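Listed below are the structures to be examined.
In the two complexes that follow, subunit A is the common piece, with subunit B as its partner first and subunit C second.
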Partner chain A sequence: MTERFTTGFHPFVIPFLAGMVFVLGVCLIKAVIAVRELDGTDRKKWFLSLLHPNLIVKNTIDIILDCLIHVRLWKRNRLLGFMHSSIAFGWFMIILLGHLQVLMFFPERLGTFYYPIFFDYFIEGGQHTWISRIMDGFLILVLAGISLAIIKRFWSRIFGMRRTTRPTLYNLIGLYSLWAIFPLRFLAEQCARAGDLSVSLWWAYSIALCIFMVVLPFGRYLHIPAEMLLITFRNAGVGITRPHKGMARVQADSCPNCGVCIDACPMNADPANLKDSTVYLTRQFRRGNRERVREISDKCLLCGKCTSVCQVGVDGPRLRILARAARKYNIAPDFSDAGTATVVRAENKVLYFSGCMTALTPKTGRSVESILKKAGIDYEWMDRDGGLCCGRPLHTAGRLKEASQLVRRNEELIIGSGAAVLLVSCPICYREFKENYRLPGIRVVHYADYFCELMDKGLLCFEKSDACYVFHDPCELGRGCGIYETPRKLISKAAGIAEAPKNREESICCGGSLGSLSLDFSRREKITRASLENLYGSKADAIATACPLCLATFSRYSDRPVKDLAQIIDEQTEKI
Partner chain B sequence: MNGNIVIIGGGIAGMEAAKALLALGHTPILVEASRTLGGHVASWHKLFPDMSSAKNLTARLQSEISGANIFTDTRVISLNRLVDGYSLKLSNGIVINASALLFATGFNLFDAAKKEEYGYGVYDRVITNSDLEAWFSGKEDRRVPKVPESIGFVHCVGSRDLKACNGQCSKVCCATAIKQAIEMKERFPYAKVYCFYMDLRLFGKKYEDFYVNAQRDYGIQFIRGRVSEVGETFDGRLQLKAEDTLSGKPLKVCLDLLVLMSGIVRNRSIEELSDMAGLETDSDGFLRSADNEYAVIESNRPGIYYAGACTGPKTVPETVAEARSAALAIHSYLESL
Partner chain C sequence: MTDFGFTLSRSSTLDLQKVDEGRFEQLCRLEKGAAVCIGCGSCSATCPAGSLSGMSVRKILLAVRRGQDIHRMLQCCMLCGKCTMVCPRGINTRHLILSICSIYD
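Entry: the complex of A and B
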């Protein structure tokens, strides 16, 4: 193995080097901007996390698993997983082994950067080392991935994707240059190995690399470096606290535009909403199109399904809530002295908070009360005659200050009651209590969990009915708070249970969500009907849910009975 | 064809049309699904604005159509279109070939339990307009207290309400609520009576007088604002929350009885039949008239006519007028064959 040229240089390496300098410079600047935009405490947390040995290991493992192997994508779609990991991991290994090869055999050339990239041009007989053979193997792997990518571009249905994003010009340039890089490298290497040292293929290879790197910061491929930063941010516990900035920017940049969220989005039951999925939100974020960002943010139901299917963990709902928070209102209601209602006394008892929506579905509240009585629980109903809102609707509308005023008032009322347990029947309230309330010493529990405990303790005596229910996972209860099992356990005690094709994390929003600020009634109907179609797909003859809003929404259009979980339990239990 | 006329539905529309057709020399066949004739009106106590007895009206009509062929407790189970008419099979096994059909299939009352926030079927003191009429007519109802101190009426329950999947105005409930409020006030002079409305649509002859009387002579209180929710107090009374949109303030009222003005919705049980006949449905869910200005009683099929609330909410005088006009139209149609 010998060097062909003593100079070790040819002008065709210049495009590659220029692209490399450009992309590294831009990414560095972007990273510095994002870090500077973090809140002071978050920034400190992040710096410290980079020194923490456990987090260093975790960051490394996460980056390998998520960015190179694409484990999450494998779980969702094996073909897509193979395609992405073969390109990412294959390419990474070629770069790594290439540098290793130069380090082992020509350590003095390591500083050139371009030697590993154009190895076969500068070195004669390089292909005979073991390391070269492994690299050839990885190149074949990458080429296989690229072939799949080309097939997918024109025939995405065989990958199980109904809809995919329309690429922008930058993305198209990036895509075609990426496709060109590896076949060109393969051809150039093969020619060089056969003794043909014409430089045209090497020029083409270098230019393809240059184009790819130059468009990288402007298109979807920015997700490659951004996701690495995102992983370190996430592991350090950095959250989205500012609209458009800091973590929000990094999340938007980390979106690979894969379009998995388009098929997942429940709004797409109506084609008019096709351009309002999270993938388009991040795209408009990057473009700085504030008007479209506002429009997309306002429309969303905040069901969280895009986040549950997202490969990089872009938090679509949170991005939108903060985008909404950036809006200025002329009138700001003041709730800081709201709630003159006297504090309900409930020393060491269960305090039941039913919430505003349950006031509109009184059967639910009554059933909860009846079950508590049957089980012999000592309780007080905090808002039987009306109470304060939990704050969730203001929170999702982006009116964070007003929401926190309500939260603080409710905290005072709840802590003042002396209760030991706060029982909640509405998952919308429950999520707010879980995420934004500080109630030291008080256990906050949703009735599904609580009644399941009562059942396990033998305090509820069930009689199984012949009916068969399909359980609709409410967004806030399932994806929002991770409660999937206890409702099913309770239903299976009370009656038969069947599953809908899409359930649990993949459950489809009922369309009634408080999350959307701009979807009007008729457009919600389409979403509701699509969600009902999914539930009709089970063999059940009735629908069960555990959210007053889902209940009211489904009851409107459903051709079969819809009941709240509490009502089903109440009907099928007897006093012991 | 034989010149047979089949009238589907034996409410006041069907009966009035039968009467008019008898007078024109025909012998119509009247098919009614329930056991008795008279439809919704037969279960009503008094009619507005003259407070005449609804029973007298239906009984008189019934006596006047004894010459017609009447099948009660009978449904049309299939309907075939022939070249020059229609062939109907009834649930009693009879097959009729008819030259002309009259749809007088009426309406359904909105199921008030669907508006769960009003508590119908949940709380003991909530009834509907039709429950109250039945009680007026002497039917026992333990939900109506012996001496109520305060009574509330909620207008537009399931009408003009997209959330209840009914966008249209039911037309008659404003006047019905006023009529029922007056009747309650007459029975319980010391009770406070409230009407919660979003608009008062008192378009008919003497309706406005009715409204003025209710306020001036009976002291019934009209509050503009939709009821948001109804709860139950510990002693079994009702607590109603609403907004008084004229004063811009939320309000809470304690009630002993709440009456929900269930609106008029399309009769779902005729969907299959209208499909078999090839009739079209309008955007509001009711049967579609040939046009809504000049030809309300005409359908898109030759020989099929409409009368009454099958094409949308109607008052009694409108229904009766349509029935007579449809009878005349059928007569002319048969003459032209």
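Entry: the complex of A and C
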């Protein structure tokens, strides 16, 4: 193996080097901006996390698994997973091994940076080393990935995707240059190995690389470096605290526009909402199109499904809530004198908070009460005759300050009651209590968990009915609070149970969500019907849920009976 | 004045100078639902803030047209959405309320 030229240089490396310098510089600037935008405490946390040995290991492993091998995408869609990981991992290995090869055989050339990229041009007989053979294997792998990408571009259905985004001209330039890089490299190498040292192919290869690197920081390919930063942010525990800034910016930049969230979004049951899923939010964030960001943010149901299917972990609902919070209203609610609600006394008892919505589905409240009586639990009903809202609707509407006024007021009432347990029947309230309340010494529990405990303790005596229910996982209870199993356990004690095709993390929002600000009820029927269709897909003859809003929403359109879990339990239990 | 031990309720005569259709039209542009309210009062009946501040979507809509004060009522709305759920006209009352909050100064 010998060097062909003593100079070790040819002008065709210049486009590559220029692109390289450009992309590194811009990405560095972007990273510095994002880090500077973090809150002071978050920034400190992040810096410290970079020094922490455990987190260094975790960051490295996560970056390899998520950015190179795309494990989460594999789990979701194997073909897509193969496509992405063959390109990312293959390319990474080619770069890594290329440098290793130069380090081993021509260490004095390592500083040129371009030697590994154009190895076969500068080195005679380089193809005979074992490293070269492995690299050729990886190049074939990348080429396979690229061919799949080309097929997907024109025929996305074979990937099981019904809808994908349409790339902009800018992203198309990036896409085509990416497609061109590897075939050009392959051809140039083969020619050089056969002894043909004409430089046109090498020029083309270098220019394709340059174009790709120049468009990278301004299009979807920014996700490659952004995701690495995102992983370190996430592992350091940095949250989204400012609209459009810091973590919000990095999350939006980390979205590769894979489009998986489009088919997942329940709003897309109505074609009018096709352009409002999270992939469009991140895209409009990047473009700085405030008008569209506003529309997309206001429409979303905040059901959280896009986050549960997203392999990058873009938190669409949180991004939207903060975008809403950035808005100015001239009239602000003020609950400082909402002190008329009296403190209920409940020393060491269970305090039951039913929430506003349950007032419209009174059977739920009555059933909870009846079950508590049957089990002989000492309880007080905090808002039987009306009370303050938990604050979640204000919170999701982006009125964070006002929401926290309500939260503080409720905290006083609950702590003042002296209760030991706060029992909640509405998952919307439950999530707010879990996430934003400080109730020292008081256990907050949703009735599904609580009744399951009572059942395990033998305080509830079930009689199984012949009915068969399918359980609809309410978004706030399932994806929101991670409660999936206890409702099913309870139902299977009380009656038969069947599963809908899409369930648990993939459950489809009923469409009634208060999360959406701008969707009228008249425009939600299709969403509700699509959710019902999924439930009809099971062999059950009735629907069970554990959210007053789902119950009310389904009841409008369902042609099968819909019941709240508490009602089912109440009907199938007897006083011991 | 002699105190007879009883009073008349305060006059609620409309001040036509204050009637403000412009505001109302502005509101209708932001939220079309404002125009289709039939004043049934379902929202008033269900509103948990009613006892705190007299809040009611029906009254607010009237007050916007009449140019009466709406601040007091809006101050206690918790955006809980009960009014949306009971409205027979399917009006997105929460969006209506937020829109009102944004057009006044």
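Here, the second predicted complex is superposed on the first by the 574 of 576 C-alpha atoms of A that agree within 3 Å, B and C clash if a C-alpha of one lies under 4 Å from a C-alpha of the other, contacts with A are read in each partner's own complex, and residues count from 1 in each chain.
The rule is short, and it goes like this: contacts are C-beta pairs under 8 Å (C-beta built on N, C-alpha and C of every residue); 3 or more make two chains touch, one makes a residue touch a chain.
Quantities reported herein were computed from a predicted structural model and do not represent experimental measurements.
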Exercise for the section: Judging by the criteria at the top, classify the pair subunit B and subunit C on subunit A as clash or fit. Expected result: clash
Completion exercise
Comparing subunit B and subunit C in the superposed model, the one touching more of subunit A is C
Exercise for the section: Based on the superposed arrangement, let me know which partner A:L17 touches: subunit B (first), subunit C (second), both, or neither? Expected result: neither
Practice task
Using the touch definition from the top, say if A:F521 reaches subunit B (first), subunit C (second), both or neither.
Solution key: both
Exercise for the section: Give one of first, second, both or neither to describe whether A:G386 is in contact with subunit B, with subunit C, with both, or with none. Expected result: both
Exercise for the section: Could you tell me if A:A552 is touching subunit B, subunit C, both of them or neither one (first, second, both, neither)? Expected result: both
Practice task
Name the contact category of A:L406: first (subunit B only), second (subunit C only), both, or neither.
Solution key: second
Exercise for the section: Scan A:P362 for contacts with subunit B and subunit C and give back first, second, both or neither. Expected result: first
Handout entry: Which superposed partner A:N330 touches (first subunit B, second subunit C, both, neither)
Key = second
Fill in the blank from the handout: Check: subunit A residues flagged as touching subunit B and also subunit C 359-360, 386, 521-522, 552
Fill in the blank from the handout: Contacts from subunit A onto subunit B in the complex sit at residues 359-363, 366, 384-386, 521-522, 552, 555-557
Exercise for the section: Spell out the part of subunit B that touches subunit A in their complex, as residue ranges. Expected result: 114, 116-117, 119, 122-123, 162-165, 228-233, 239, 241
Fill in the blank from the handout: Per the touch rule, the subunit C residues reaching subunit A in their complex are 33, 46, 48, 51-52, 70-71, 74-82, 84-87, 90-92, 94-95, 98, 100-105
Exercise for the section: Enumerate the contact residues on subunit A facing subunit C in the complex. Expected result: 327-335, 338, 340, 356-357, 359-360, 386-389, 391, 393-394, 397, 399, 406, 512, 514, 517-522, 549, 552
